[in-house]
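Next come two complexes, and both contain chain A; in the first it sits with chain B, in the second with chain C.
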Partner chain A sequence: MNIVTALSGVVIKELYRRKDFYVLFILTALITLVMGSISFFNDARIARYLKEICLMLIWISALVIATTTTARQIPAERENRTIFPLLAKPVTRWHVVAGKFLGCWLASGMALVVFYFFFAVVSGTRDSHWPLLQYAQIVLLHWAMLAVVISLTLLGSVILSAPSSNMTICLVFVLGILLLGRHLNQVALEQPEPIRSLIYLVYYVIPHLEWYDVRDLIIYEHKLIAWSDCALAGLYAFVYSGFLLMGTWLAFRRKPLHL
Partner chain B sequence: MEPILETNGLRVEYRVQNGQGPKVAVRDLNLAVYPGEVFGFLGPNGAGKTTTMNVLLGFVIATGGSARLFGVDVREPIARQRIGYLPELTYYYKFLTVEELLRFYARVFGLSRDEADRRIDGLLKLVELEHARKRPIKTYSKGMQQRVGLAQALINNPDLLILDEPTSGLDPLGRMKVREIIQRLKREGKTVFFSSHELGEVETVCDRVAIINEGELKVVGRVSELVESHQANLEQIFLSMIGYKPEPVV
Partner chain C sequence: MAGVSTQTFASVKSRTIYFWILSLLLVLSFTLATVLQPRAGTWTSRSGAENVLKVVLGDGRRLFANHFFVQADVSFHSGYYPSIFDHTALPKDSSPMIADSEQHDEHAGHACQGEHDHNSAKCSDDHAGCAHDHGEKGHEHDPHEKAMSFLGTPRDWVEAFGRRFMITEHTHLSAGNEREMLPWLKLSAELDPQRVDSYTVAAYWLRTLGKVDEAERFLRDGWRNNPNSYEILFELGRLYHEARKDIERTRNIWELALAKWGEQQANSDEPDLRALSQIAIHLGRMEESEGRLVRAVELLQLAQKASPNPEVLAKDIEELKHKATLPVKAP
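And now, the complex of A and B:
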């Protein structure tokens, strides 16, 4: 465990020493600040609409940070050959996969907390309303969703050596699931066999990341989700990430170390 | 005495892209390195030195034969608990400072914080990088980066050091410093296994040498005995072992 946490520490240090992270963060913060503070004729619908855009921006920024950080981890180790002195120590490739995952997940989690904290301050100051438990559920479910995205990107990074192609494919895949995932079963119903079974198969195999999108809790001030449901969603993300990390390790196990 | 490093009938084959049969990089290599000796592993470029080192470090899986460190199969991560490795070029996280890098490797070896602090201070003193301990590695010169490499290879106080051309690309002063460190380690009873093209340096530092060419072990023995038996210096022995024939002067 010491090795995995040590490796994750290096990933986190790398993230906060990179300039692109700050550019994205400042951009998101600025847009949130501007959109959160302007008022259009005191219309609650417009305020909700702006909140929706701000939260969508946070989702996009978090996805970009998670995929860009993860996609370059293993290829950069191989390209810069830092993997050699690392694996010359009592470090296995499984340690590398687990350490990279943990580092990227923690780093994304920290970025997420900062984003939501900033949004909560801007939104709370304006509405004088602080639904802290709703925020806790949003952040936790969002973070669980990022675990699946990060493990998926990590798997992509050992199959595709170019981080840009891996990042693009993962982003398209994740956005596709977020937009279409919940409708696939309805689409299947309208199709003849065997297309119907095929679409159902896809529906049951893909990770349902759309379940973790609970922004409405803040936008429409919905009631809290049952904590047991949150725990089940967390378990689902945990199991899915586990399978993807296992796949990453199997693909990386016998891969040549140099690119 | 049990060897610290041992290969028996080691064979490494690579698949070749153009559809021809596999290329043999190392064939039936038998080596044994004993505790406390400095062992030079020599050969021209492409002879199989780095491939052999890669097998010993677990980077490449051998096609046949066996390789053991401290009696443990090299495929087991625990075999690398007591070794230090210095790669030919400096491959480190350049956004970290040398202190952070050494602390990271100390954590990998499970050293306590106090022990890590003590070793980091000692190593930075040994490689003369105390003044630059808070600077990112990317700001270091090549010689300084090579010394970072030596410091990281020694963080676990290893019993066996594997050095891949440790003086490659260094200026004479840098080479001298690396040589002094190797000699100091030898006095401390450490075992050093290193590859080099600098035959003069090998002659000065090594107890025994092995010469490899086209993946085959050509000769192995004490430097003084080889020089005496061949009635030639190490460079002449090396050239004759790799089949070099000088052009006749017209």
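And now, the complex of A and C:
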């Protein structure tokens, strides 16, 4: 476990040394503050449009940070040949996969905390409403979703040749699920057999990341989600991530390390 | 000069030449800009007042305008809204906010005084003030409520579990929270100034929220962009009638709205009868309250022609006719 933690520490250091997070955070903050400075019909209490814009930017930024950080981990180690001294130590390939995953996940979690802290401050100062438990839920669910995204990108990084193609494919896949995942069963039911069964199969197989998108509940001030449901969703993400990480390890185990 | 090498001298000389070339180009660009700028204004029909969004997005901005208009309706329904996949629930009309208005038209002559127009947002509010009184939540028999019950029972466990993380309750904004729709409507109007609904819906809510000056300013912006819009004129008339109590100006504006309707819709294959009915009823009721009964009868008869259920107005017209023929009592 110490090895995995040490490896993850390196990834976290990489996040705060690189400019990606800072650029995305400044952009998010800047756009949100500019939008917040606009006065609509001299009513300073209007807040939901700002929450909507800010949360959308946070989601885009988090996805970009998670995929870009993860996609270059293993390819960069191979390209710089640092993978050889790394594996020469008492470090197995499973350690590398687990360490990279944990590092990316923790780094994304830290980024999420900063982003949501900014959101809570902007939102709270605007409408004097501080639903801290709901904020905790949205952060935890978002973080759980990122676990799946990161493990998926890690799998892509050992299967696909270039980090750029991996990033693009993962982002398209994740956005596709977020937009369509909820409706695939409806689409399936309108199709004739065997397309119906095929789409339904896809519907059951894909990770349902759309569950974790609870932005609307925050924006429109709906009630708290049951914690048991959050725990079940967390378990689902945990199992899915484990499955993808296992796949990553299996693919990485047989992969030649030289380019 | 003894300590300066020929290379350094040549380097300084070439830099000076580059500096002069750059300066010359800068002056040339500035001069050309001053010459061309006044002429460029005549090359296109764009006026200087047009905003950056219009220049950048061109006609594509109308798509965004439509998106923001729908977003206002989503906001009004607190996030509970059908997606493109829930097509059975999507309104047939071009705008989702006009979905359920037609059903209310006939009550216009009675308790609701023609408050049913433009959009679901308005209608819900109007109902709150009427005998229907469904408050924040619509009642089961309301067609709008039926249309919005698009979720149905979950088809599988994935959907059933997913619903615990989404909004599944149909509610409308209330208690002043309707203001949350306004930014989307403003953006919609900015992006597509020819979209009349953005102005009328926003003005309705601004008026309801007590922001009469803002509503008037916004409607006048809309009127400037759509000088022939009878819908904007009708809404402006309502503002003068209900908020400003300015009968004379209301009469002029609604008469103009009727004239504009006639110019645009009278010879149309599918005339906008709902709008005609609303204008005529509102103007008719006002004339009735002002004692101009003959004109009131004319207007209600016009509204009756435009109405899908004319029998509702027939009784009122008969009563007014009777009143109009009665001799005026001496004081």
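We take it that the second predicted complex is superposed on the first by the 249 of 259 C-alpha atoms of A that agree within 3 Å, B and C clash if a C-alpha of one lies under 4 Å from a C-alpha of the other, contacts with A are read in each partner's own complex, and residues count from 1 in each chain.
Everything below uses one rule, namely that a residue touches a chain if its C-beta (ideal position, glycine included) is under 8 Å from a C-beta of that chain, and two chains touch if they have at least 3 such contacts.
Keep in mind that what you see is a predicted model, and the values were worked out from it rather than measured.
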(request) Evaluate whether chain B and chain C can sit on chain A together after superposition, giving fit or clash. (result) fit
(request) Answer with first, second, both or neither: which of chain B and chain C does A:F117 touch in the superposed model? (result) neither
(request) Look at A:Y22 in the shared chain and tell me whether it touches chain B only, chain C only, both, or neither; answer first, second, both or neither. (result) neither
(message) Just to be sure I read the superposition right, which of the two partners does A:W227 touch: chain B = first, chain C = second, or both, or neither?
(response) neither
(request) Between chain B and chain C, point out the one touching more chain A residues. (result) C
(message) Rounding to a multiple of 10°, what is the angle at chain A's Cα centre between the Cα centres of chain B and chain C in the superposition?
(response) 150
(message) After the superposition on A, what does A:E14 contact: first (chain B), second (chain C), both or neither?
(response) first
(request) Rounded to the nearest Å, state the minimum C-alpha distance from chain B to chain C in the superposed three-chain model. (result) 32
(request) List the residues of chain A that touch chain B in one complex and chain C in the other. (result) none
(request) Name, in rising order, each residue of chain C that touches chain A in their complex. (result) 75, 78-79, 83, 85-86, 155-156, 158-159, 161-162, 164-167, 169, 179-180, 182-184, 186, 202, 206, 211, 214, 218
(request) Mind listing the chain B positions that touch chain A in their complex? (result) 57-59, 61, 77-78, 80-81, 83, 85, 87, 89, 91-96, 100, 104-105, 107-110, 149, 152-153, 156, 162
(message) Under the stated contact criterion, what part of chain A meets chain C in this complex?
(response) 38, 40-43, 45-49, 141, 182-183, 185-187, 189, 203-204, 208, 210-214, 216-217, 219-220, 222, 225-226, 229, 232-233
(message) Quick check on the complex: what are the chain A residues that touch chain B?
(response) 2-3, 5-7, 9-10, 13-14, 17, 80-92, 254, 257
